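Next come the structures, one after another.
You will see two complexes here that share chain A, one where it goes with chain B and one where it goes with chain C.
Presenting the complex of A and B:
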């Protein structure tokens, strides 16, 4: 009974939002807005739940786990940042944490991707198949055309770059976007018809 | 029986040539036990499984039950011929026989020297010869009883015999047993389905090659600061950058602009220069700017930029720039914002220690904004903004080089006013202003990066380096 009620509520809510977006009815629009605001509040609480889940998981690992030290560091850093954000919102201390801890760490992780990408390029650029040859040639052409100096030296190369982005690249991206849209519609229909019930936590 | 090495035909124990194919049996490897069918070495005298005398004729090893009056003479196992004289006559030469005997003796001596003798399975058991058995029983208990199975026949069964000393396992037999044990304990070969479950084999580059690649990349990263400006830079901005600048410069002092920070610190170097330049231009024009983000890190970057620029700090102090805050839920949040700004930000006033932004000066509807500027490094977040926007709203997007191709169709369809690639736009804007040296350094850095990739492509096909496989 509980499953049926949950599924019925999810299906009705989804249909109301869908109809509110499609039909020019003020009443349906207000209902859809109300449901979307509820989803927004739920999303905000989901952040809090995620935080609590991370805290609980690493608390268990800190008590008994193979990598206790890392979990302890994570919990201390989390609680410290949370305390600074709650006690001193938008203060210099909070800005210091963001500027000198969070931002450098994330920037460093992003910079490390360059080394990984270069090693991956070494493997991918080995001319063993036709696909690898196409990948190599197209990558080199696009990288060469991305250099601003090429457009300064030969203005026609800028036009070539624009054409490549507007025609072949856009064609491939359009195909991807169409695939994403079709997949999204199929998933939405499965949820609306209660074939998939992700809200119940069932597989 | 002797197994023919050519056709595997089982020949008589005394056969010298195969009855089926005529092959000489002098090189035969196995001898079949007539009792249990086990395969034994050709030079073995007794079966290793049931101790049957392999040199005796089959009829003698497995005597058929016979009536008492026709019972054969009892043949005790102990009296079985153990000497080579009992071996079947073979057409071998004496020299070969002597050599084989010498080899067998050498193996036995080595086995006795190196390997402890196995415990005798018949240890503690009395010999089962008929005479001894009857003697222990104090005479024949069946004397006078007629029509019984002759005791000699039962005693003469092959498995009742005591093993001779020759049945101690030798070196070769132990090697065979070890090999069989390893084969039996070896895990079964994986099926195709099980092999698919295994993690994929990852090609690993040699360590020296990784070092070379890292050094090349570091050298390219240092080029912008070391370069004196080898390559020229475009003197005029591209069409996209020009369109963006003209759209922004047309805004009056009473205009309202919404700016969404949808990028993180990992792409701040790409987008910060353009974003700062755009915000400074808007602040100089007196445009009211409203900042928000769907990611907490985006808000942090916005705050850092506002406090890092004098003109932006002045606009913040004057209330010209307002930070609306975090918009959770991505697509849902953007959808709610498109319906009503008040609904998305329930609080009427966002207070902080540094400034107090009053939403009374913020448009309640998204249509109240003259422009929406998207700064992003995530194609999904950018698509959420573009697809949830009403048809009358045409955002202006400044994105990273990675996201740029994914948004080209939206620009072509007119859903975006203009689409600008952050690094290129930054160089063009820098080149058009006084910071020309910075622009040339960035251009040289991009060219150096291209050269690094070109070198990698050449090395990958020239160097005889094959990535090692690790799981």
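Presenting the complex of A and C:
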């Protein structure tokens, strides 16, 4: 009975939000806004749950994990940042943490991605599959067309590059996006029709 | 009662509504057919075949499986992607729970965390585990994909899993995992075209685009066949409409 009620509530709420977004009815719009605000508030509480999850998981690791030091650093940094945010909101201290600690670390790790991507591509090319060959040829063509020096060789190369981006590349991506949009709608409709009931956790 | 047609003439999204209604009708029709046991063919997707084999392999070797669930929020625009991630988590969790080696997972969306915990607990219960774990094997790694990749990297270095499932908005950070743990079988799935291109070269088994969202039909939810056939039917209709539009515009009849 509980599951039926949960499913019924979810289906009704989903339909109201969908219709509220698509039809110009003021009361439907207000109901949809109310339900969406509720979802946002729940998502904010989920962030609090996530914070507690991080603390619990790393507190356990700090006691008996193989990376105790890392977990201790994480907990201390988390609590320190939280304290600065709570005690001095919108302050220079808070901005300092983000500008001089968080952003540089993130940028450094992000910079590694370029090398990692190159390594992954090299590994893929060595496998000599059809996918890798297509990737290699298309990457080389685009690289060649993007280099400013190539424009000096033949001035119309810029137009070729623009055509390639606007026609074959855009067509391929739009085809992919069309399929994804249909898949997303079908997934949403399965939830709306209660074919899938992720909220009850049942199969 | 307000008739539908005047409603559509105001501040509405009539085309969106019509497409949703058509797809809704098709999903309902084909889902009922699927429920009635109607035969529908599926083109084979290697990644889902390999996923079933992975569960057998994990059972035989009693190895653990790791899941990197990405940043798709179940309540936001990434809902479909999050559903796909939960679907795979449920499938693997249900099929290897009895081995005693839990599926471990990490996510960088806080709302996906309780959803994944509930899904995994339910999956373990359905595998006959009398005392399913409470979901503590799923961790939140902060709201950034980079943090998630670092958390996953540490967990994989400690546990040496058999496979890593990366589904949802995992971002380019997934490359860190594939390159730092080449001995692990990396299953990658993304419905983001940019991520898909990277995962295609980095993952051992990759599924991109809408195929990510059709996992249920291939794995353990035959009811999903209905929505899959509905999608394909509407796609054909849209393709014909696009072709007709292009021809009409080219000969000056429209636009």
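Throughout what follows, the second predicted complex is superposed on the first by the 186 of 203 C-alpha atoms of A that agree within 3 Å, B and C clash if a C-alpha of one lies under 4 Å from a C-alpha of the other, contacts with A are read in each partner's own complex, and residues count from 1 in each chain.
The definition used in the following text is that a residue touches a chain if its C-beta (ideal position, glycine included) is under 8 Å from a C-beta of that chain, and two chains touch if they have at least 3 such contacts.
What you see is a predicted model, and the numbers here were worked out from it, not measured in a lab.
Contacts of A:63 after superposition: neither chain B nor chain C is touched. Legend: residue contacts after superposition of the two complexes on their common chain; A:33 is shown touching chain B, with no touch to chain C. By the document's definition of touching, of the two partners only chain C reaches A:23; chain B does not. Contacts of A:187 after superposition: chain C is touched, whereas chain B is not reached. In the superposed pair of complexes, A:141 makes contact with neither chain B nor chain C.
Of the two partner chains placed by the overlay, neither chain B nor chain C lies in contact with A:101.
In the superposition on chain A, A:47 contacts both chain B and chain C. Contacts of A:159 after superposition: neither chain B nor chain C is touched.
With both structures placed on the common chain, the touch criterion links A:12 to neither chain B nor chain C. Common to the chain B-facing and chain C-facing surfaces of chain A are residues 39, 43, 47, 106, 109-110, 119, 121, 123, 173, 176-177. Across the complex, chain A meets chain B through its residues 33, 36-37, 39-40, 43-44, 47, 88-91, 95, 98-99, 102-104, 106-107, 109-111, 114-115, 118-119, 121-123, 125-127, 136, 139-140, 143-144, 146-149, 151-153, 158, 165-166, 169-170, 173-174, 176-177. Looking at the complex, you find that chain A touches chain C at residues 18, 21-25, 39, 42-43, 46-51, 53-54, 56-57, 65-67, 70, 106, 109-110, 112-113, 116-117, 119-121, 123-124, 131-132, 135, 173, 176-180, 182-193, 195-196, 198, 201-203. Of all residues in chain B, only 203, 205, 209-210, 213-214, 216-217, 231-235, 238, 264-269, 297, 300-301, 303-304, 307, 328-329, 332-333, 335-336, 339-340, 343-344, 352-354, 401, 404-406, 408-409, 412, 424, 427-428, 439, 442-443, 446-447, 449-450, 452-454, 456-457, 459-461, 467 touch chain A in the complex they form.
Within the complex, the chain C residues that touch chain A are 2, 7, 10-13, 16-17, 19-20, 23-24, 27-28, 31, 73-76, 79-80, 83-84, 86, 90, 110-111, 113-115, 118-119, 121-122, 126, 136, 139-144, 146, 150, 154, 158, 172-173, 175-176, 178-179, 191, 193, 196-198, 200-202, 208-210, 212-214, 216, 221, 223-224, 226-228, 230-231, 234-235, 238.
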